[in-house]
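Note that the chains take the letters A, B, C, D and E in the order they are written out, and that residue 1 is the start of every chain.
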Amino acid sequence: MSGLAARFELERGAFTLDVDFELPARGVTTLSGPSGSGKTTILRCLAGLERPRSGSLSLDGERWFDSVGGLDRPPHRRSVGYVTQTAHLFPHLDVRDNLLFGLRRVRERAPALSLESLAEPLGLRSLLERSVANLSGGERQRVAIGRALLASPRLLLLDEPVSALDLAAKGEVLEAIERVLCDLTVPCIYVSHDLREAARLADRMIWLDGGRIVAQGPVRDVISNPRLPFAQDEDAESLLIGKVTAIDQEAGLACVAFPGGELWIATTELPHEAEVRVQIRARDVSIALERPKAISVLNILPGTITDLTQVKASPSQVLVSLEVGQSRLLSRITRRSARELGLTVGLHAWALVKSAAITK
Amino acid sequence: MDLSPFWLSIRLSITVTAILLLLGLPLAWWLARTRSPARAFVEAVVALPLVLPPTVLGFYLLLLLGPKGPLGPLLEALDLRLVFSFPGLVVGSVIYSLPFVVNPLKNTFREIPEGQLESAATLGAGPLDRFLRVVLPLSASGAVTAAVMGFAHTLGEFGVVLMIGGNIPGETQVVSIAIYDHVEQLEYAEAHVYSAGLLVFSMVVLVLLYSSGRARRQARFR
Amino acid sequence: DELRIAVAANFKQTAEALCRSFSVEHPVRCVVSSGASGLLYAKIAQGAPFDVLLSADRERPERLEREGLAVAGSRFTYALGQLVFWHPGRRVGADLGAALADERLQSLAIANPRSAPYGAAALEVLRAYGIDAATQYRLVQGESVAQAFQFIASGAADAGFVSAAQLFQYQSNTGRTLEGELLPVDATLHAPIEQQAVLLRDGATDPVAQAFLRYLQSPPALALIEAAGYSTPVP
Amino acid sequence: MSGLAARFELERGAFTLDVDFELPARGVTTLSGPSGSGKTTILRCLAGLERPRSGSLSLDGERWFDSVGGLDRPPHRRSVGYVTQTAHLFPHLDVRDNLLFGLRRVRERAPALSLESLAEPLGLRSLLERSVANLSGGERQRVAIGRALLASPRLLLLDEPVSALDLAAKGEVLEAIERVLCDLTVPCIYVSHDLREAARLADRMIWLDGGRIVAQGPVRDVISNPRLPFAQDEDAESLLIGKVTAIDQEAGLACVAFPGGELWIATTELPHEAEVRVQIRARDVSIALERPKAISVLNILPGTITDLTQVKASPSQVLVSLEVGQSRLLSRITRRSARELGLTVGLHAWALVKSAAITK
Amino acid sequence: MDLSPFWLSIRLSITVTAILLLLGLPLAWWLARTRSPARAFVEAVVALPLVLPPTVLGFYLLLLLGPKGPLGPLLEALDLRLVFSFPGLVVGSVIYSLPFVVNPLKNTFREIPEGQLESAATLGAGPLDRFLRVVLPLSASGAVTAAVMGFAHTLGEFGVVLMIGGNIPGETQVVSIAIYDHVEQLEYAEAHVYSAGLLVFSMVVLVLLYSSGRARRQARFR
């Protein structure tokens, strides 16, 4: 059996964790949920830093923990890469020695990566000889991620690696993470509160609440499911996965074809045929019954309304789900507009997506 | 002027400091991390020499370590003679200076964030590896303070040595005993010279320790 | 009123006994402070409030007298120390020379010969037997003769020279007799261990202090001192 | 002379501060600028926690600092309320005693506020008997603000009071701040990196860069000036100040009239005639040359293009300034749309503002 | 059995602890906060008693404070007799135990964030007000440690008291001297009883101190 299978039960004060999940042998899974829902606790159980009262854990058929057999492999013999909000770099080592700390301790097999191969995607080249004391927050996290990856983990755990950073650093580190994750051949769990990070990085998603798994599945289904908390969020978005088919150098735009249509995105850096994820905020999507003319909105997509849901937190808003080809698009509009336009399930409509609002 | 008490004191201090570090490092680590209910008791025992008069400590060490003492037969079997010998002074001074080494180490160890150790563990470092490659380097400043305090305090040790030393020149007659002797013999000039030497040496060591302290105290863990 | 007596540690209990009998006639509270003679000197030189010094030697009272810290002409020997060789281990026979020559005798405890007269006397005795203490034994020195006693009593030293007074004192304190061989040392083998008393400046005009020093030389006092294990100077 | 007049010069390492500004006797001024531009340093000079090399400071004509006369009133005699990112509550006092700490030390005049009068707007009533150890981050900041206000400050300094909080707490504290600031009768400086906070709370704005004041003026002018960094930001917005003129209870919308037009906003809580600030993100505004029909966008405003500026950070975008009546609206659209629509300065156009995108 | 040395020791310890707190609080505060170049020197002087043999310290105090010492005329003018008197023991013990009080205070004071004091200042609290109403309450735990260490260490004080005390029963004969005296007089039974009393008392105090320590060590400043 390949991939990860975990079942954990444990109590911490009033909190009870009770989860049972499997992860494929590769790919990124976002673990999300309210504060205190147990995300960090799960990761610590996986890394062997916390011992569940009962349960089991195996990776690629190899058993790491089993409460019945009394088996509990200690963290240093698990090959887990674990990066948290705080980089926890070793202050007595320079950047290079921090990076090599885990690599030098790889046992029983050859290291999967070399320092050289990671220096580029993580932007570490100019940092190698620096002392860790005067790295910026973003640099620290990049080093922490590199350090974890160089230890050749068989499972990578990232616990809100960017949530303590300011906006600029967050962007820089997320890009680095994105670059290394796409080459990763082991399962990765990425804990985040942030929908957009999840949509950007993950293939699958687990939604946790009160120590239990409430929903899981492919990211684009979970985040745009109007019945799950993500879609209810003010920053709710839908995720389209498509391919670059044309580039307009002069305007700085690229055309992305996805199952159901085409979108123009503000970027020229993508190569032709590149697979891209397009995140579209529900509040950036307007609905029209006629195709408007002479308007600055570039992307106007035809679709069919499949769902209308009241937004719980804000009574004046409704959430419209549109089927655009085989893709789902969320739009958040006022209830008055929905009524005035007479929107109902099954109606044909145009979705106006400001291309400036597409983040990726 | 006979400098041998000085050299003896310095030799004693170096030996004791080395042993104290060897003993103190694991002991302090245990004290800093354990949640055992025995912790407070062990901490108190380690701190006792701060509180007990050194002569009392020395007197009981004499009774304990002498051939008729509870440990006498054991020491005899091991062919170890601890009273009136340099090794005896070492044992006495180790006990007496233990808190001066364990306390600063314990405090530095407590400052090491759990996350540093957890990181090291997930990066493949086992317990001993973590202690040697993470804990020790991170505690360098505390270890220096501990070593200096242990060294300096042993240098000034009097009561324990008085009781178990036997005042053997070149073997157990350390500088503090020599000063006392000179005072006893009304040889104040010699007492002044020895004391001045000790004072200057101690001041130099302490000023160096404290002026380097501020720099090291800066926040290091992020 | 108080009579403040500074006394060498080895004579303290005897001094207290003397005080008790002295105060039967003189209603005065005696405060007895003991210490090493050298320290007592230093303290008196720094103005310690003592009326009378009962030292364990003659050098320090002499010096106090010379430096004007004691009343000139008040100094006298109140007791002569008796040296005893104590070997707790086994029977070694009554011959001190043989006992000292026994090669199984390895560590020998004496009082510090430079500060304690008992220690100086012990060295003289050894020399009289033709023994070079430094090469023959592991010579351990107590700061006081009491410490030499402890070294032997604890078994840390094989044998050593103590004072006869200590043996009495130990037996009366503990009710136990000392084990092992106790060989009195011929007093002619060493210079007399003169313990001298002197009237200090603080007590110079104190009639009680003067009376106490006179009492010290009276027959009842001499009897007490002898009973404690000292010999007394021939008047 | 009433109000505050300050002139500070000081060096800290390679950094030089050189500012000269005045503040009116009441009203909130946002102090903004890049990290390290000297915002905190200015506040510390005002509070007397830092001593400028030269300069002067006076409040309502009373001199607090003057390098020429060697005058430097110590902090405890300045009556300055100073709240920072970290609440610095006194852990040995309960919430009530923390709040009263400053009040009990008011000298020479009667305290301006009572604990009762602040308990409501700051939501402190249920906290009063609590120990400060187990307050949440948001609660801590509300107590810190209350504590500063109860000391009857003659100048209030808020140094990023919400920037260390998570999103939910940030909202809660900002609301509390808003409630107390509107009754404030002394000058207040609010340091923030966040455009939206500034737009929401402040009347005036000072933009600092490298220790110098680069721009200052009324908030709506500074933030929508396309030549200043705010407008260049991805979250750039314009600020409209208007009055509630109608409420549609059923749809959950309120109509706000501003100099130049009307907007429907998703809120019903505002009383009639209330003065409100409407923040409109530039990227939420589309431009059309014809008025579109049958569209979910509620707010479609007519205006005239007054400026077209390239967005520096993103070459495919342009920033369009529209004059709508006497108000200025920013719109961020793709360069291709601008070209295809033939936008030029002076052209008449329609601004499509998604009402769902209006935050306040 | 004569309990007066015990009472005297306890009286001495209480007096010394009180004086040490009075002296130590401002001194430790200054050491914790100052950036003066003299800091390291003053810290070293305060720490000297950790290093110097107590008998040496006592001997020089004797020379310094005695009527013939440099301070003698001054003390005489003030009609103060410091050697061989209870006040003298107090002075000697204060000097000897100073580092045991100043060091824990200094460490707690260093932990108080500058922001707490700045907050208090902007809220209208002047320097003394801040020290009394913010610094002291926040340092309660450190002050308790300091007081206990000062108390316990004075209780076990021997060398200094031996030198400047004069061993006067009921006045300067504290328990450590009494034990030494009993040992000298071969009154081992009494020495054992006194020592056991001291040991039990010290252990109780230290165990109490250390078991309460963990709870207090939690992070308090945010």
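The rule we apply is simple: a contact is a pair of C-beta atoms (placed from the backbone, for glycine too) under 8 Å apart; a residue touches a chain by one contact, two chains touch by 3 or more.
A quick note: this is a predicted structure, and the numbers were derived from the prediction, not measured.
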Joint neighbours (chain C and chain E) are B
Relative to chain A, the most remote chain by C-alpha centroid is chain C
Cα centroid separation, chain A vs chain D, in Å, comes to 32
Expressed in whole Å, how far the mean CA point of chain C lies from that of chain D is 90
Between chain A and chain B, the Cα-mean centres are separated in Å by 54
Chain B to chain D, mean C-alpha position gap in Å, rounds to 60
Flagged in chain C as touching 2+ other chains are 39, 42, 147, 150
Touching at least 2 other chains, the residues of chain E are 59, 183
The positions of chain D in contact with two or more other chains are none
In contact, pair by pair, are chains A-B, A-D, B-C, B-E, C-E, D-E
Given the complex, residues on chain E that touch chain D span 113, 115-116, 118-126, 129-130, 134, 137-138, 140, 220-222
So, in the complex, the side of chain E touching chain B is made of residues 39-41, 43-45, 47-48, 50-56, 59-60, 100, 107, 110, 149, 152-153, 155-159, 176, 179-180, 183, 191, 195, 198-199, 202-203, 205-207, 209-211, 213-214, 217
The answer for chain C against chain E in the complex is residues 4, 9-10, 12-13, 31-35, 39, 42-43, 45-49, 144, 146-147, 149-150, 153, 166, 169-170, 173-174
In their shared complex, chain E is touched by residues of chain D numbered 47-49, 74-82, 84, 86-93, 101-102, 105-107, 133, 140, 144, 147-148, 151
Residue positions on chain D within touch of chain A in the complex are 35, 166, 248, 251-253, 264, 266-268, 283-284, 286-290, 292-298, 314-317, 331-339, 341, 352, 354-357
